[in-house]
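Two complexes are shown next, each including chain A; its partner changes from chain B in the first to chain C in the second.
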Partner chain A sequence: MQLDPSFIWTAFWQIFRAIPTTLSITVVSVLLGFAIGTVTALVRLYRVPVLSQMASAYVTFIRGTPMLTHLLLIYFGLPMLIDGLAESFGWSFRSVSIPMIGFAYISFSITAGAYMSEVVRAGMQAVDRGQVEAAHSVGMTSFQALRRISFPQALAAALPNLANSVIGMLHGSTLAFAVSVVDINAQAQIVASTNWKFFEAYLAAALIFWGLTALIERAAALIEKRVGAYNRGGVA
Partner chain B sequence: MIELKRISKSFGRHRVLQDISLSVKTGEVVVILGPSGSGKTTLLRCVNYLEKPASGEIAIGDFKMDCSQAKRGDILRLRRKTAMVFQQYNLFRHKTALENVMEALLVVKKMPAAEARSRSVALLEKVGLGGKLDEYPSRLSGGQQQRVGIARALALEPEVILFDEPTSALDPELVGEVLEVIRDIAREGITMIVVTHEMGFARDVANRVVFMDGGVVVEEGTPDDVFQHPQEERTKQFLRRITPEANWVI
Partner chain C sequence: MGAPFEIGYVFSFLPKLLETLGVTLLIVAGSLLTGIVAGFLVALPRMYKIPVLRTLSGLYLSFFRGTPILIQLFLFYYGLPELLKPLGFDLSRAPVLFFVILAYGLHTGAYAAEMIRASVEAVDRGQVEAAYASGMTSYRAFSRIVLPQALAIAVPVFSNLVIALLKDTSLAFTLGVMEMTGKAQTLGTLTQHFFETYIALALIYLVISFTLEKVLLAAEQRLKRHEAREEKAGRSFKLRRKGSYRAVLADIDAGKGGRL
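Our next item is the complex of A and B:
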């Protein structure tokens, strides 16, 4: 079998239309994951009774199991839960009306949350205790000190790792094919299956992923430069 | 008027403060001296509740709280009446000099931004940093950072400013500029409690010197009394160690 360079180009444009699916999975899982991760990290840092033990269990379980397994557990487990509840409470809602991509959103958000909680936690620990004391000394509440002083600096410190998480979720989103969501990778497979030019199709998919990743890295570098200006003593 | 009554504090089994009482009159500058581990910094930190005293009473003006049953609201009120200048400056590193001073005015006092700004600019000018308003702490020298720290403490017009070894982390050539600023605000009649190892400064500025050791007040009096005629053996030993040329040595 011979390489067909022109098909790479053809496949490239056919795969292009799957970009919104991939990006939506990435964006949803990163945003929800960040929210879950932040709450999880704070609960653990402030040692909230009961919740912090639950948070630790969540993080170790999710980080200790593959992302594909999370997707399958949600895909098979969630409908049982929802339908069971619907039956006993007499709701008309049934799990069949959940779109396939919904399972990807939910399970990948849960995955991202566990990883991002560690990123946020490391960022919070990078802010020295003295600044929080200073905030308290002028009469700020713990919440004000968190919101105004430690959290913004924690985010700045965590940015490189957050960018890594975003890239990880972008690439991880390919697993959504397991619940028949057509993302970039699945689209490549579909494109190739008509003429068996799998290598060309996956190469085109790889180029698209590479391009998207480069964009994320570029954006992260720009944000880092802006947000981290105070560290280099520059004036914003 | 600030009154500390029978303040006690332990770290594990170690009793750092043993029933300490101290009263400071409005406008008075009290310098606390003592060897390291004597509890002087802990006492200072108890006054604005960065350390929680196990028991005792703190009164500032007409506000009074019992430390053994302190509520969140009490702690916030106490902190709003006091301000701290830290050994390590502890400036907010993501905020400019001006924003550092404005922060509490905006967040704690809910002051309109324009008013907070003009007050903060005036304070920074007073500590000689009118030209550094928009600099981040990372671009300021230690002495400049500490002066921002002092301006930040002054901003809320606290009833007392607590100085925790404000010059100990500074290069020797920067100590003078910070002490000068503290001297200036002492002259304005702001109540201060200062923990320091700067004996010359203590002698100059203090109305009263308190010598602590082992979690208790060993001796207190005017700077003259304590430096020239110390009564207690522990005070004499301490002063001999840090001021070998002192003229009371016989």
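Our next item is the complex of A and C:
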């Protein structure tokens, strides 16, 4: 078997078609994960009884186990739960009607949620306590202070970590092959095995991921510069 | 899908999965070793700003951090034998584990390099200058002054690195290595009790990563014992590099309302 450089180009375009799938998994899991993570982080920061212990357990479990196990647990566990409930309550909805990509969305959002909660938490803790006190002193309610003062600053502080999480989810989306979703990785596998050119196909897939990662990094750097503007210190 | 849930299976699967724990830990240990060596080799040109090598390290870091580990695994497994064949090495009979450890090792190396660089840079420049001023050679200054301090700074990052590596090894089954996840899949297929196997699998990973985290936390505390004593004496002075916004943020003490 010889390396066939021209096939890398062919494979590149064939794999290119799977980019929307990969991106949709990434975007959905990042957005839902961010929502879950924010709630989890707030529950832990404000030490809400019971809920904060549950949140800690959730974060510990997710961060201590591989993302692949989350996907497999959801894939095999969720249908059991749904079908069990459907039977006892007489719903017509069955787990069969969940598309494969749905399992990836759900499981990766849960994974992302735990990691994002740490990102949000670190960001919130980076905000000076005096900012919230100042907000209260000008008559803001706790919620207003959170929404208008702490959260924007926390987000700015968390941005580098947030970008890392997004890249992590982009790379993690390759696991979707386990539930037969055709993302970039699975497409590479298909291209590779139909043409019997494995190295070339994976090289093309690696190049695509490399490019996407570079794009995310570039975008994050731009946003970081923009939102960090209030915090540069110095004169002018 | 599969047979109905029975909790008993979780317990009966645990010992069966633990049989393959050795393979998982072997991959972790082998890759960690490879990774630290690679990390040093990559970090040095960047720290000492050696012209061409520095660019190459940058490329290495960018590639290994910019592509998913799963793709890297396949790339090594299929690509390395082809690349080395013209050079006279025949890798077609090399064990899969070799490729797996190499891929994970070089992947870890990229993160290890950043860890090494960041922790060495986090040691105050004045410390090295003081070491030189008291007549130490550059090797001694590194081994006696910089290294112990850098080590303490690196431990939390190292801890994350090891745990991430442990979790990543769950992908080795894609190349047919019979480690814990591969074994779990086999058990699931055999008994049709997939959910139970994966619960058992998750429990094992959880216990190992939890233990690793605690052990490394204890190590960190031991390495930082000098700083702790200083703080007890009422000096809240901490070594801190002027550094970037990111470095400062990473340094913020969470418990104190984030004083900068």
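Everything that follows uses one rule, which is that the second predicted complex is superposed on the first by the 232 of 236 C-alpha atoms of A that agree within 3 Å, B and C clash if a C-alpha of one lies under 4 Å from a C-alpha of the other, contacts with A are read in each partner's own complex, and residues count from 1 in each chain.
Keep in mind that, in the parts below, contacts are C-beta pairs under 8 Å (C-beta built on N, C-alpha and C of every residue); 3 or more make two chains touch, one makes a residue touch a chain.
The model shown is predicted, which means the values in this text are computed figures rather than measured ones.
By the touch criterion defined above, A:Gly172 reaches chain C but does not reach chain B.
When the two complexes are overlaid, the chain among chain B and chain C that reaches more residues of chain A is C. In the superposed pair of complexes, A:Ala157 makes contact with chain C only, with no contact to chain B. By the touch criterion defined above, A:Ser193 reaches neither chain B nor chain C. Legend: residue contacts after superposition of the two complexes on their common chain; A:Ser180 is shown touching neither chain B nor chain C.
When the two complexes are overlaid on their common chain A, residue A:His136 makes contact with chain B while staying clear of chain C. Looking at the shared chain after the overlay, A:Gln53 reaches neither chain B nor chain C. When the two structures are aligned on the shared chain, A:Leu73 is found in touch with chain C, with no touch to chain B.
Residues 128, 130, 231 of chain A contact both chain B in one complex and chain C in the other.
In the complex of the two chains, the chain C residues touching chain A come out as 1-2, 4-5, 62-63, 65-72, 74-75, 78-79, 82-83, 163, 167-168, 170-171, 181, 188, 194-195, 198-199, 201-202, 205-206, 209-210, 213, 245-246, 249, 252, 254, 257-260. Put simply, chain B touches chain A in their complex at residues 48-50, 76, 79-80, 82-84, 86, 88, 90-96, 103-104, 107-108, 134-139, 152-153, 155-156. Chain contact summary for the complex, chain A toward chain C: residues 1-3, 60-61, 63-69, 72-73, 76-77, 79-80, 95, 122, 125-130, 157, 160, 167, 170-172, 174-175, 185, 188-189, 192, 198-199, 202-203, 205-206, 209-210, 213-214, 228, 231. Touching chain B in their complex are the following residues of chain A: 128, 130-131, 133-141, 144, 148-149, 152-153, 156, 229-235.
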